[in-house]
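Beneath this line is the structure, given in structure tokens, with notes to follow.
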């Protein structure tokens, strides 16, 4: 039996309301809600479901297709993983997380522009509250201010589109956009781009990231950097690859902004010494890459980039947050040899870092290959060059961190006792399990990229005929 | 320096907006959308799911949504899902405020309010409360509805906080009211899903346009919204008023 | 000019004047009171634009409750001198 | 006319946000921006001589004479969301004040 997708929103929302009444056991509701949603994801009915029993396109609708399926699945399962890693901290925010989960699911599934605004606000407000865990109110405040400006801009853009098209339904809007004069659509599209770049961490509006994620712990880091930002990127992808498809001249501007985000993110990551700062700037860079791909129309590679980055950053932010909590610093020079006593966490971290960089036999390699192939097939050489340049920087800073964290302080002539940090266990068994499973997933999907690609892209591939751009089996066949 | 930069940015932004919008005023087709049967026109004529003739106040029976106030029919029926999201935003905000504003403290150094002030506040309190309740129970007929009604309830509590230094409530009781109202709202949606196969479906008969018992689930939803908004804003107000941040 | 236009111009001017004085005023409390005035003028504008529902809501929330929240949150800092 | 006034309000609000580092003033700026956008939305849905979208005993016969109820519904939602954001922002402001003794972000100093 296929279920109505609205359950993915109604169940966590209802549980959130119950959890304030029975606040003693609210953490249980969180666990039940997250598990229920992660399971239900695979049983929802595809197609556009109207809410309220009104005829489409006049009703608010939820859209479930291959694309939103993978988005919802990613978000829910990642949230479950974050809970496994930092259950104790997360349980204090049970109600906020449950309502936030409803917002995230609604955000990626909704088929209505204003409904998207409402769900974005739910998500944003829960993110503000979660970010206050960092005990730096001025950073959260900064986040809130940028978020509010973004939401005003988004609202303005959306209302202009409503004024022009007379509808808020995304499917109807996407049919009308090509028929409208470009001059009328530029301003709203640009405003919507600015509005959505706050959560998606794209350049003009990403000023909050440094303060919020730089002070993250093993709970706020993974949740804001992976769950929330992949949801925002999936929304960005849906809007800019399916609904607001622009003429080449306009989309080029957005691609350039996204590529600047990519390169400057990589450069800033290279300059940072704190692991969390490296990670957050790397996240900004990956968001820029995914955004550029989406706007160019390469949906499948972009989804691969998002998923790869989400799994990898989940492991890495969790590890970095824990390192900071245990050792009181996350400066990788001060953490020399920290992985020697945490072989499991260290290996997972290493695998994730290498995967994000795109080392062969890991999932990230498949993702990067698809990205490059998409551009080369199209005959573009400038963008792949930029991406490769960024990847070199990326490899440099990740390998630098990994070497420092594995080398037990015998880099000079004398092993100074203060150079190597002491042995401390950073993960308990269950927490370690979540991280290990994530790392195994990266390896497994790297070895079997075709099945992973099918899993993510659906049988036919995203958007029907496009499909996985590169098939590993065919590549092997060519080389033999 | 900062002010000059800010001024330039604001002027640039304002000019951009005004130019961008006036360049496309001729393409804004809202009035066309009305005639061509856009969403707004359908909502006004109440014929999204098929025509039921011209809607006449006090006569038409069982019209779609059945609310005389069209804004209400949009808020509590056509786009009720938005409203559910919106009360969730407020719910989260109130939760965040009570999480962050700190615990209640007895405010020892407050001046005692005078007898006249206190008595008149106590007299005004039920009047305001009733006005709020009236506003949201008549939301489908007259301007107003759940949001101003709920805010009115919150204002009445605010009045007591300001005028009566002995008045205090437990924030957790507002939390429970919020939770119950929100749960009922979701439950009404789920009932629609069970009865008619659509979440938040208007599964009750809609009655005669213009009578108090019309609109199907609209009055119920609006009362819940009113109670929820009222308890949420009261929660925010009392946290802001009484909370003391411990550093 | 119909009464609508006259009122429209008047409300527009009021909105702009209140908004500018809210942004540039030296005292924090003046800013907040001016914000409340902007909310009130906005409520009039909404009523003018045939939006009674919005006008009522804006009057209660935008002009009333938000002002209270602002004042309540700067109230404790009032003794610092630089604030009020 | 009032449409452009509302755009000016948005610009003034933006100036208010950018020109100061005082958290309360920033919130005032955000609120002005929100009021601006709300007026703009309602003005978008306004039809000249349009009636308020409420049926009553003496409603106009033709449907065309109503202003857009959708725009007004959106604004109601947006006003309430704005209240929530402002309340949360004020709590952050209060926390900033109790931690650093000032509302001025510049005098907090420090990085990361």
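Should a chain be cited, it is by its letter among A, B, C and D, assigned in written order, with residues numbered from 1 in that chain.
Rule of thumb we're sticking to: a contact is a pair of C-beta atoms (placed from the backbone, for glycine too) under 8 Å apart; a residue touches a chain by one contact, two chains touch by 3 or more.
Quick caveat, the model's predicted, so the values are computed rather than measured.
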| item | value |
| --- | --- |
| Of A-D and A-B, whichever chain pair has more C-beta contact pairs | A-B |
| Averaged-CA centre spacing for the pair chain D and chain A, given as whole angstrom | 29 |
| Inter-chain centre distance, chain A versus chain B - centres from mean C-alpha coordinates, in Å | 32 |
| Gap in Å, rounded to a whole number, between the CA centres of chain C and chain B | 20 |
| Rounded Å distance between chain A and chain C, as computed from the means of their C-alpha atoms | 39 |
| Contacts with two or more other chains, residues of chain B listed in rising order | 17, 21, 28, 30, 39-40, 43, 69, 71, 79, 82, 86, 89, 92-93, 96, 100, 143, 145, 147, 233, 236, 240 |
| Sequence positions of chain A contacting 2 or more other chains | 114, 118, 121, 125, 128-129, 132, 156, 160, 163, 168 |
| Chain D: positions in contact with at least two other chains | 8, 10, 12, 14-15, 17, 19, 44, 52-54, 70-72, 74, 76-77, 79-81, 83-85, 87-88, 90-95, 99 |
| Touch relationships between chains, expressed as pairs | A-B, A-D, B-C, B-D, C-D |
| Chain D-touching residues of chain B, taken from the complex the two chains share | 2-3, 5-7, 9-11, 13-14, 17-18, 21-22, 28, 30-31, 34-35, 39-41, 43-45, 54-55, 57-58, 68-71, 73-75, 79, 82-83, 86-87, 89-90, 92-94, 96-97, 100-101, 141-143, 145, 147, 209-210, 229, 233, 236, 239-240, 245, 247 |
| Contacting residues of chain D [partner chain B, same complex] | 3-4, 7-8, 10-12, 14-15, 17-19, 21, 44-45, 47, 52-57, 59, 61, 63-64, 66, 68-74, 76-77, 79-81, 83-85, 87-88, 90-92, 94-95, 98-99 |
| Touching residues (chain side chain B, partner chain C) in the complex | 69, 71-72, 135, 143-145, 147-148, 151-152, 154-155, 158, 233, 236-237, 240-241 |
| Chain C residues touching chain D - in the complex, by the definition given at the top | 5, 8-9, 11-12, 15-16, 19-20, 22-23, 28, 31-32, 35, 38-39, 42, 45-46, 48-54, 57-58, 61-62, 65-66, 69-70, 73-74, 76-77, 80, 83 |
| Chain B-facing residues of chain A, complex | 4, 6, 10, 13-14, 16-21, 23, 50-55, 57-60, 95-96, 99-100, 102-103, 106, 114-115, 118-119, 121-122, 125-126, 128-129, 132, 156, 160, 163-169, 180-181, 183-184, 186-187 |
